[in-house]
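What follows is a pair of complexes built around chain A, which joins chain B in one and chain C in the other.
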Partner chain A sequence: MSFLELVEGPLFYISGTIFLIGALWRLIGIIRMGRKKDISPPKGSAVAGFFKGNLRHFFPRGLFAERTWMHVLGGYGFHLGLFAVMFFAAPHITFFQERIFGFGWPALPRWGFIIAAEIAFAGLIVLWVRRFSDPVMRMISDRDDHIGSWLTFLVMLTGCLAMQEAHDILRAIHMGIVDIWLLYFPFSRLMHAFTFVLSRGATGASYGRKGMNP
Partner chain B sequence: MTETANTAIQTLLAQTDTDVASYLEACVHCGECAEACHFFLSTKDPKYTPTYKLAPLVKAYKRHKAPFHTLKGMLGLVPDEVTEEELREWEPLIYDSCTMCGRCTVVCPMGIDIAGTIRKVREGYAAAGIVPEGLQAARAQVEKTGSPMGVTAKALMAQIKHQEKETGIKIEVDKKGADYMALLSSMEVMGYPEIIGAYARLFDRAGLTWTISLDAYEATNVGVQIGSGPLAKGLVQKIVDAAEKLEVKNVISPECGHAYGALRWAGPNMIGRQFPFEVVHIIELMDQLRKDGRIPAGEKDGRKMTLHDPCQIVRRGGLLDEPRRLLDDSCSDFVEMEGAGVANLCCGGGGGVSANPRAEELMLNAFKCKLDQIDEIGGVEAVVVPCANCRTVFEDGLDEFESDLEVIGLGELVADTLKEA
Partner chain C sequence: MSLAQKNKSMRSGVLLAVILTVIGLVFAQVALADSSVRPPGNAISLPEEAGPSNALGQRSDSEIWRDIYGGVVANPSSSTATGQLMQILGDDWRLFRTNYILKYSHWVLLGVIGAIVAFFLIRGRITIRGGRSGKMIARFSMSHRIAHWFLAGSFILMGLSGLIILLGRPLLVPLIGKEANAVMTSAALQGHNLFGPVFILSLLIVTFRFMRGNFFQWADMKWILKGGGLLGGHASSNHYNFGEKTWYWMVVLIGLVMSVTGMLLEFPWLVDTLAWHQISTILHAIGAIILISVALGHAYIGTIGMEGSIDSMLRGEVDENWAKEHHDLWYEQVTGKSAALDETPDASAKEGTS
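Let's turn to the complex of A and B:
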């Protein structure tokens, strides 16, 4: 078995399984802590508030966007760019089709991939530079934040290097980093990709009961 | 570990439910919350970043309760135990520099309720007895007299008699079977007693039966400010007992921020059952009476006015449109400030900060942000502040910064602009 076959085969499935089980374990662990039933007479729906809260916080408020525009641009650029690259790059769709789902979907054209990847890189770099250049972010950031940023950066960088699909070793390095990223994900702050739903939802539900949602 | 630290940690962990865990798990350390916090904005000191204030809870959670804490513990990847020294070091961040205003939640991309979580952190601190002197003194006054300012029933009666004389309207005390039982805050009784007369004028005009209980007239809940669940529960229970004794249908929460949340939203959860009466905020009630045509608006006040949104009534209480409708009816030149409504800045003295002399300088600096927000409008002659605590912070702040802006309560404004009968 070649190194590429190892990281694309058994290691990928092992890390993918740990990713899935770990992420579920963590989410269930949070939910199992439970909460007391709120018995104050509601003015509105907590369930509607849960969903509204989730949607509302996708959109920055003008008042604060002025102050945090760099973060908003960097954050949106990185996340949207990464999403587009992860799920709509042609090699990824082929991989998903062959290794996981058994079906594919339309891919981004090459120029679309390049634009999305550049936006994602720019966004990630802006966010990471802010982590050590902004006094607030420097103070509150920890090792996990930096490891998560670096791993994601390496996944993206090696992915771009492997894009030509000309050298197996470049593809193997990319897949090896992806395997590490998948292993790290459920134990780290990268889990915010899932926990944000609970967090926004909890606040949204609380406000929803009060008949409003900021 | 000391007994104090152990008590704090155990209480913090007991407070950590799914909601709090979701918040701690979702924070990505983006620091945007700092941009919403008036204590950071006025000092530019990163230590006032709201999420940073939660550090003791975060450490305890990661070490003892977070998913995978056992596995990470075996690998030496959990934080050290929180020490009493650390807890004491963090105390000013927990009590002096957070008004629990919740503005940080509005900006947070994860929607984290940092204010509500600080409230839970304070439970740990209160249980361990790590509480600022000013709040301890307020607690002692409450335990002795029922009021954080030591306002006795006798002192209240003197103010009621005075307002009866001013308005010529009889104010019923301990009247059984009244539709409404009004609560007041100590600050109102001693600093702004004219609100009692305003209630009398408004309710007399609306034809409501109402009363004030001499057993439970105080709305201020120091337990909520300190973070003491047992104290907060006791104060709510006192109101519930009085309302049940008088068999009233509604209890009116006054122009006081946290009192509304403490009674309306947290109250039933504290005592473990629903109330046999409704809790209505005075602003809600006035708005409803106005809609029903029972307190018609007369000649409007012509001064250029703006509205300060008390955080616990508006952003965290849900009463966003009601005060605006009342102001539109009462004032011919009502202007909003930037971020009006849910994004409005706190006065700087909520959440017990104004009762904590150690925090005075921080509070006044934070208030300056509020004042700047008003000054940006230009030409404002009066600011309507429907919260007695905010009102005292405004008056102290305006005095400090030598501003001649007038501060008025909403109830008084509505009463003063009633249509003549």
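Let's turn to the complex of A and C:
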């Protein structure tokens, strides 16, 4: 078995399974924590607040827009670019079809993939620079944040370096780092990809029940 | 002569006559065949002047090739250059690239690294005179810092991948072999092409974000005359000193050349004149070597070479004593206080000296 077959085969399935079980375990754990019973009479809907809280946080507050525009732009650029690259790059769709789902879907054209990747890279660099150069961000960032950022960067970088699809070793390096990323994901702050719904929702529900805007 | 001898002589004569007759008939047939060559009945008769009367011409092969090599214009059936049989610039381009760029680029870079190491060994780390004051002064905003590191990040990726593409064959092949170099070059090429537009975007942001304060002033002339303080004496400067301003304009102008030539190389269909592509590869390589060389010095003086410099780009603020020493005019402008150095630092000041 070649290195490529190993990282695309058994190692991928093992890390993918750990990713799924770990992510579910953490999500269920958070949901099961519940919250303290609120005995005050509700002045609004907590459920509506849950959804409102989630939607409201997609837009920067007007008061802070001037100070936050750069990382808001970087954040959207990175996340949307990564999403497009991850799920709509032709080689990824082929991989999903052959290894996981058994079916495929339309892919981005090559130029679309390249633009999405460039936006994602630009966004990630901006976000990481902000992490170490903003005094508050630097204070609240720890090793986990930096490892998560760098692992994601390396996954993206190795993927782009293998774009010519001419050398198995480049693909194998990319897949090896993808496996590590999947293993690291559930046990790190990369989980924010799933938990942000719960945290925004919890804040929104709390505010909603009090009849306030989240 | 006996009868037997007569008979023998006669047979020989007959044999010779037969042989000569056969040979004569063969030659006669060949002559007859030559004379019977004629156009087929359905052939179209062209006027005599329409066909090439002298296809081979009167010139020797060497004369013809000399003309072609000299750029003679003709009507070739296929050519990258209209009307030109041979793109002779290609040879000059190849020779220049091989004999100068590939031959000396790495020596230039090694020379710069050597000079930096030598400077560090001789001069040592430039410490803050009077030590750290413990009081900080804002120097770069968050957007300045993000713009700077955004460009720095894309520049490092572009520089490393570009050097692999440029010097992989002459330098890496002897070390790691052709196969490994092919893999690295393939990866570097993809990365270089991908990060190119990111570099251009970051260059544009830096150009506009840092333009204010980077125009040359009279104080820069004094700074030059004092060698930036290296020749002794204090060299006053504003927000940016002459070296920083020069670096800024090098980044902007050479970066512009790199961007334009890079786009021509990435999208060759933008122009159909081969000479532009050849000039682009040369300018791109020379620009890269210059930028990387100066960037090495910039990175050195901004980090280990000078105490307190990195704070400005990491934290956005610098120690007051650092500001007084290196950017006294700027310090006086933003604080309204004198930049005369206090030579008796408090206890906390000694903490950061090296």
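The working rule: the second predicted complex is superposed on the first by the 212 of 214 C-alpha atoms of A that agree within 3 Å, B and C clash if a C-alpha of one lies under 4 Å from a C-alpha of the other, contacts with A are read in each partner's own complex, and residues count from 1 in each chain.
Note that in this section contacts are C-beta pairs under 8 Å (C-beta built on N, C-alpha and C of every residue); 3 or more make two chains touch, one makes a residue touch a chain.
These figures come from a predicted structure and were not determined experimentally.
Chemist: When the two structures are overlaid on chain A, which partner does A:135 contact: first (chain B), second (chain C), both, or neither?
Modeler: both
Chemist: Taking the superposition on A as described, I'd like to know which of chain B and chain C A:170 touches: first, second, both or neither.
Modeler: second
Chemist: Quick check for you: in the superposed arrangement, does A:200 touch first (chain B), second (chain C), both or neither?
Modeler: A:200: touches chain B, not chain C.
Chemist: Mind working out whether A:64 is in touch with chain B, chain C, both or neither, as first, second, both or neither?
Modeler: It touches chain B, and chain C stays clear.
Chemist: Of the two partner chains, chain B (first) and chain C (second), which one does A:117 touch, if any: first, second, both, or neither?
Modeler: Only chain C is touched by A:117; chain B is not.
Chemist: According to the stated criteria, A:162 is in contact with first (chain B), second (chain C), both, or neither; which is it?
Modeler: Only chain C is touched by A:162; chain B is not.
Chemist: In the superposed view, which residues of chain A touch chain B and also chain C?
Modeler: Common to the two interfaces on chain A: residues 134-135.
Chemist: What part of chain A is in contact with chain C in the complex they form?
Modeler: The contact residues of chain A facing chain C are 70, 114, 117-118, 121-122, 125-126, 129-130, 132-135, 157, 160-164, 166-167, 169-170.
Chemist: Quick check: in the complex, which residue numbers of chain B touch chain A?
Modeler: 16-19, 21-23, 25-32, 34-36, 40, 46-47, 49, 51-52, 65-68, 72, 102, 105-113, 116, 264-269, 272-274, 278, 315-318, 320, 338-339, 342-343
Chemist: Given the complex with chain B, which residues does chain A contribute to the contact?
Modeler: Chain A residues touching chain B: 22, 25-26, 28-36, 38-41, 43, 53-54, 56-57, 60-61, 63-64, 67-68, 71, 75, 127, 131, 134-142, 145, 187, 189, 191-192, 195-196, 198-204, 206-207, 209-212, 214.
Chemist: Going by the contact rule set out above, which residues of chain C touch chain A in the complex?
Modeler: For chain C paired with chain A, touching residues are 142-143, 145-146, 149-150, 153-154, 182-183, 186-191, 194-195, 197-198, 201-202, 313-316.
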